[in-house]
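The data blocks that follow each hold one structure.
Below, chain A partners chain B and then partners chain C, in two separate complexes.
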Partner chain A sequence: MNDRRVRFTLNGEPREVSVKPNDLLLNVIRDDEKLTGTKYGCGIGECGACTVHIDGRPVLACLELAVAAEGREIVTIEGLAGNGGALDPLQEAFLDNGAVQCGFCTPGMIMMGRALLDETPEPSEAEVRDYLRGTLCRCTGYASIVQSVIDAGAKEAAAD
Partner chain B sequence: MSASDFQSVGTETWRQDGIAKVTGAEQYAPDISVDRMWFGRVLRSPHAHARIVEIDTSAAEALGAVCLTFADIPKVKYNERIVSTPPCLYRDRYVLADKPRHVGEAIAGIAAPTEALAEKALRAIRVEYEPLQTIITMDQAMRDGAAPIHDTIRLMDDDIPIEHNIAVARTIEVGDIDRGFAESDIVIERKFKTNRIYHAQMETKTVLCRPEVDGGLTVWASTQSIHNTRILLGEIYAIPLHKLNVKKAALGGSFGSSIQMNSVTPICVGLALKSGRPVKIVSTREEDMYDHVRYPSEITLKLGLKADGALIAGHMRADIDIGAHNIQAYPFLGCMGGFWASLYTLPNLKYEGRAVYTNKTPSCAMQGFGAPQTTFAVECLMDEIAADLGLDPVQYKLAHYVGLGGTFWGQGPASKCIIRSDGVPELLKVGSEKIGWKNRPKAGSGSGRYRRGIGMARGFHTSGVGHPKTSGAEMIDYSGAIVKVNEDGTVDLVQSLMDHGGGTNDAIAKIVAEEIGVPAQMVGISPVDTRTTLYDVSTHATRGVYAGGAAALKAARKVRQMLLDQAGRVLDVLPESLVIEPDHELGQGVIHCPNLADRRITVGALAKHMQINSLGTIAAAESLRQVNCPPAYVSYFLELEVDTHTGQIKTRRAVLGSDCGTVVNPKLAAGQLVGGLSKGHGYALIEDNHWDPETGELASKGFWVDGKTPSMSESPLLDDVETHFAHTFEPTGPFGAKGLGEAAGNPAVAAFANAVHNAIGVRFYEVPITPEKVLAALAAKQGPGAPARPEEPVADEPRLDPAPAGE
Partner chain C sequence: MYAEFDLLTPAAVGGALDELAKVENEEDCMPLGGGTNLVVDLRARAVAPKVLISVGRLSGLRGIELGEGRVSMGGAVTVSEILRHPERSRFGPALIGAAQVFAGQMVRNTATIAGNICCGSPAADLVPPLLALDAVVRLECSAGSRELPLADYFTGYKSSVRKPNELLTRVWWPEPPAGSASLFYKLARRKGDAITVVGVAVSLARENGICTRARIALGAVAPVVERVRPAEAMLEGNALEPDLIEAAARAAAQQSSPIDDVRASGKYRRQQVFVLVRRLLSRAWRSLSEGDHP
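Moving on to the complex of A and B:
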């Protein structure tokens, strides 16, 4: 199969990469761009560990072809912290609430939670549980994660 | 002493690996790559049981791949979990299967420069199989004339024949049950069955192996013990350990599934050795689901009682389906018997356990190792007995449980200890109050579509496998730690002990800080490998804080004394007159003489003084085995709601209590309990795996959603879950701490079953309690002639079932 050139921005940086038509975005992010915060958990859209933002919307990178990234803006977990390494309020909330155990689901959870907060500031518990229902965690039982999203929403609303 | 007496232990801190984990910087085994790395794939058997007539790899090799088959591997029969001592280590496997014994068993390995080529080459391998009888159930396996799954296995230097596919049987007897049952006024017997669930850890089993120019290897692998991985690879491939380095990578969940060296690890090493290239294998989720499951059980429990409920005799028979390999059936059977003996006082008991081979995914440890299964049977039967006798289950259990001064069997007959801390009375009192135990409904008395019920169960897990004997141990149990003071007064904790995510390493760093007298944030957890650390057996048996923490405490104590001795010289006072205390404003430990205010130096200044005057580094390396294995008690009080129209069960309230001694990481400890509830919910109500009786394939075909891991939307609401901790102090634990992790889920299944009984008046002896089973039980209860559904279609109250967004 012929390689194709694909141009997109990745965490704010313009990128131009050569990909096969069937290359998955997940593999390009992890193997070519060496951004390993985006995880492989199942490869078939069952667990949410590979969630990234494309043009501000949460997308499962394991189900997205890399060629579909043409001209789009991709943000991974590595791109969430601000310049100088300041953590996103949601990242801080995860640490405050002990919402990180093994941490393997954490990037996907935070990307999904961030997308919700961008769409719906100050979400209710029901909204959090519904929006993040496809992202699996086997360690925490989810309570600390739900609390973190709610807390970050409240903190951002208070700062506005 | 209590947590409030401590400076570091019990304080809230961000976990040390937290920033790396929330920013994606943390490196798990799948995230590590090295230069010139090839990609490995594994050819897996499509047959559940077969003989390999021929393997032809020529077409794969013609594509440029390197192939590893049975002909290439060392003919070393091993057991992948070398936690047991050699006389207890049942060895039945090779790096690649001599004959496939389950669908998904590894037949050959492939390495190629790209993943795509490796996959292509994998498909080019031709294998001719001669299918053998597929044995899926234990009944089939033990039948006369059943095909032997293993003819012989290795134990020490002997080949042991396997009869009727029984891998190992174990009997434990205390007292005389014949006399005990003869003296009983009441005898009750029930059969229980638990499911074969998947660990569903987020990280699939992964390994990267790099051959080194000196003939050695560097390995990164999913593992709960870097040292055992090294030792076993050294034995299989005859590589001296000083040339074999296993590096610690973060572990993306495990729950027991990497106590053993995972099956891909030695295959990857074989491929790296043959190709001379670094090789990496990342298991697919489907492969992972064919690699490990929890031990299921079929338990027959018979109890003999006096008329007042006092337990006189007990007989437990347990059959365990271990699948195609015996990873740790011998200790598992011992643990079941021992945990049973430790739940309630039984003067006469007999336990008979059998582990049976079948052509299915191998079973292995999963959070609780025999305790969830045993606790399900015992706690449900105790609940039933109490109801039959008209007793309050909580009071009945309190009257007969094994507590303070009793004997706890931490890991079967070989690891026992006297119980020195016991929070059970507090746990049950607080749990009862918070759930409203006294006001729970009479079992099955509810009406309407939604029926609520309250149930409870208690249990425990061990804290490690410590015991006092110097020989005859069944299990290895010790940890090592190096603690060293840096030139600015910070401290490095250098320890091979793995953290599954529960915060074990953070807890131990706090223990070290507490002992030395520096602020918690001054102790750093070092990245480690096997070359630079002392041996640690494994993070299993809830031993991390209790046993691993005690080893670090021993080293820290020595470091503290060295600091006092050196400071005494500098300050010109006797070391005995000095104390070390954390100064949080200064961000330093301060060594001072309470009687002489001017004799004062920070740990940092002392360490700097020692460096510039060439006085050496203050450091200590210590190993330690605990001589006790105290129980970490847990209590569950649940309120459930059963939908009698759909059979679905919702957790409406949960009160979870833990007696882990001193709480070292408060929020993470509470998180362990909530996580235990989530896994318990899956285990009790929804999760299971089935294998096709003809083909031996997983019915789920490796689709994770079919394994039914609980998601956020079906987990209880924030306000409905409450955790609490007993105010106890374990005298043998570091600063009073004992275990917590595995205990967190052990009573869950029993609590769910008991609460369901309270809600609808039906006892379930088999889990998962699926909606289908609930509806069938309700229909059976109503009898033939009754309407299929109770007439009450409207919901009793507003429920949190959010509409799907955007759909």
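Moving on to the complex of A and C:
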């Protein structure tokens, strides 16, 4: 297993790292880049805690080989806040609604909610529930999570 | 990940086929598409190839083409790309229905149409609608290519006619004509990210009040996803009266050979084959009848 040089953009910054063919993108993000906001949940693509955006689309970092990141733009939960640390409106909505219990699913939920709002501004409750259905919260705080996505969508629409 | 393998990243389909041509043992080398099944299997050591050939982003395997009466998709087209395509209404409603209930959003963004076929799972959700639409698959190797009906592709549980040096590069089917209808239903324990308990796809064509073409395909109730040809034959050439639909649904349930597992008993699955085939045939036929008498 020879190491490979892989170049990608991580939260807007160009990166070049050395990875093995069997390195998962999730482990590169957490262990090498020390960005531990992205969570290692089930490891088999069923819980959504490891969701990151690749080229603007949410995918599961636990099922992506790091080599596949070559040339792509990756955004993690740490990359959502704007310059100066201003939170994304969706992060604000999670705080306002108390949409966090244990917090383990929260990064995945926010990355999914953000992707939905980018695709579908002002989604309905049904659209939110459908889009988030691959992201599991075992505290079952879904009501406030769903409400947060709806609220952030409404707030962003009002601001436009 | 503890599983070790080498990963080849050819720049084009030809390079991937050249690498596959060197394969001697099927277990030693596998093409990697989206990886949503294969990476899980690698981690579980369910498979242990020495070499993976990454093909999921090859431009030669991407793209959806419409024309000459065909819908044609490259093997690496993702489920999301099917759902986002501006001409998706021409693909066949059964396929769109299956894509909509396929896993979750993140898996749909990565999983490919060829990967869903090649993993060989009897619960693969794109396969019943593709069978109902008379899909054809293209297998390519460095020496040439061949095409065969998807209905002839599977030979048994997770086994197929694909040779170790062949790549499934394209899937195409006749564009569903006016006067035809197709539907898919996935029965599962919950809506999100659930493995199918029973999957049913039907496709019907109607002319002058007569069913001219019928397809019924069942998922997760036999070692392979399969068509129910005896039931299809009962329908073709007839007006689909409720008694006939019920008889066809009974024939479908009879042909199914479901197992008991953690998701459902075989008995329940077989009963649901009857219920769902009857329901989907009735709905599809009714939608065509309404089309005849606007």
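Brief remarks follow.
The rule we apply is simple: the second predicted complex is superposed on the first by the 158 of 160 C-alpha atoms of A that agree within 3 Å, B and C clash if a C-alpha of one lies under 4 Å from a C-alpha of the other, contacts with A are read in each partner's own complex, and residues count from 1 in each chain.
Here is the rule we use: a residue touches a chain if its C-beta (ideal position, glycine included) is under 8 Å from a C-beta of that chain, and two chains touch if they have at least 3 such contacts.
As the structure is a prediction and not an experimental result, all values here were calculated from the model.
Once the two complexes are laid over each other on the shared chain, residue contacts for A:Pro58 go to chain C alone; chain B is not touched.
In the superposition on chain A, contact is made by A:Leu95 with chain B only, not with chain C. In the superposed model, A:Thr140 makes contact with chain B only, not with chain C.
Of the two partner chains placed by superposition, chain B and chain C are both touched by A:Gly43. By the document's definition of touching, both partners, chain B and chain C, reach A:Tyr131. With both complexes placed on chain A, chain A has more residues touched by B than by the other of chain B and chain C.
By the touch criterion defined above, A:Glu156 reaches neither chain B nor chain C.
Comparing which residues of chain A touch chain B with which touch chain C, the overlap comprises 43-44, 46, 130-131, 133-135. Residues 14-15, 17-19, 21-28, 30-31, 33, 199-204, 250-255, 282, 284-285, 500-503, 665, 667-668, 670-671, 674-679, 703-705, 709, 711-713, 715-718, 721, 800, 802-805 of chain B are the ones touching chain A in the complex.
Across the complex, chain A meets chain B through its residues 30-31, 34-44, 46-47, 49, 76-78, 80-81, 87, 91, 94-107, 110, 125-147. On the side of chain A, the complex with chain C involves touching residues 1-2, 4, 21-24, 27, 43-46, 48, 51, 57-60, 62-65, 67-68, 70, 112, 115, 130-131, 133-135. The touching residues of chain C, counted against chain A in their complex, run 1-7, 9, 32, 35-36, 39-40, 42-44, 52, 54, 56-57, 80, 103-107, 109-110, 191-193.
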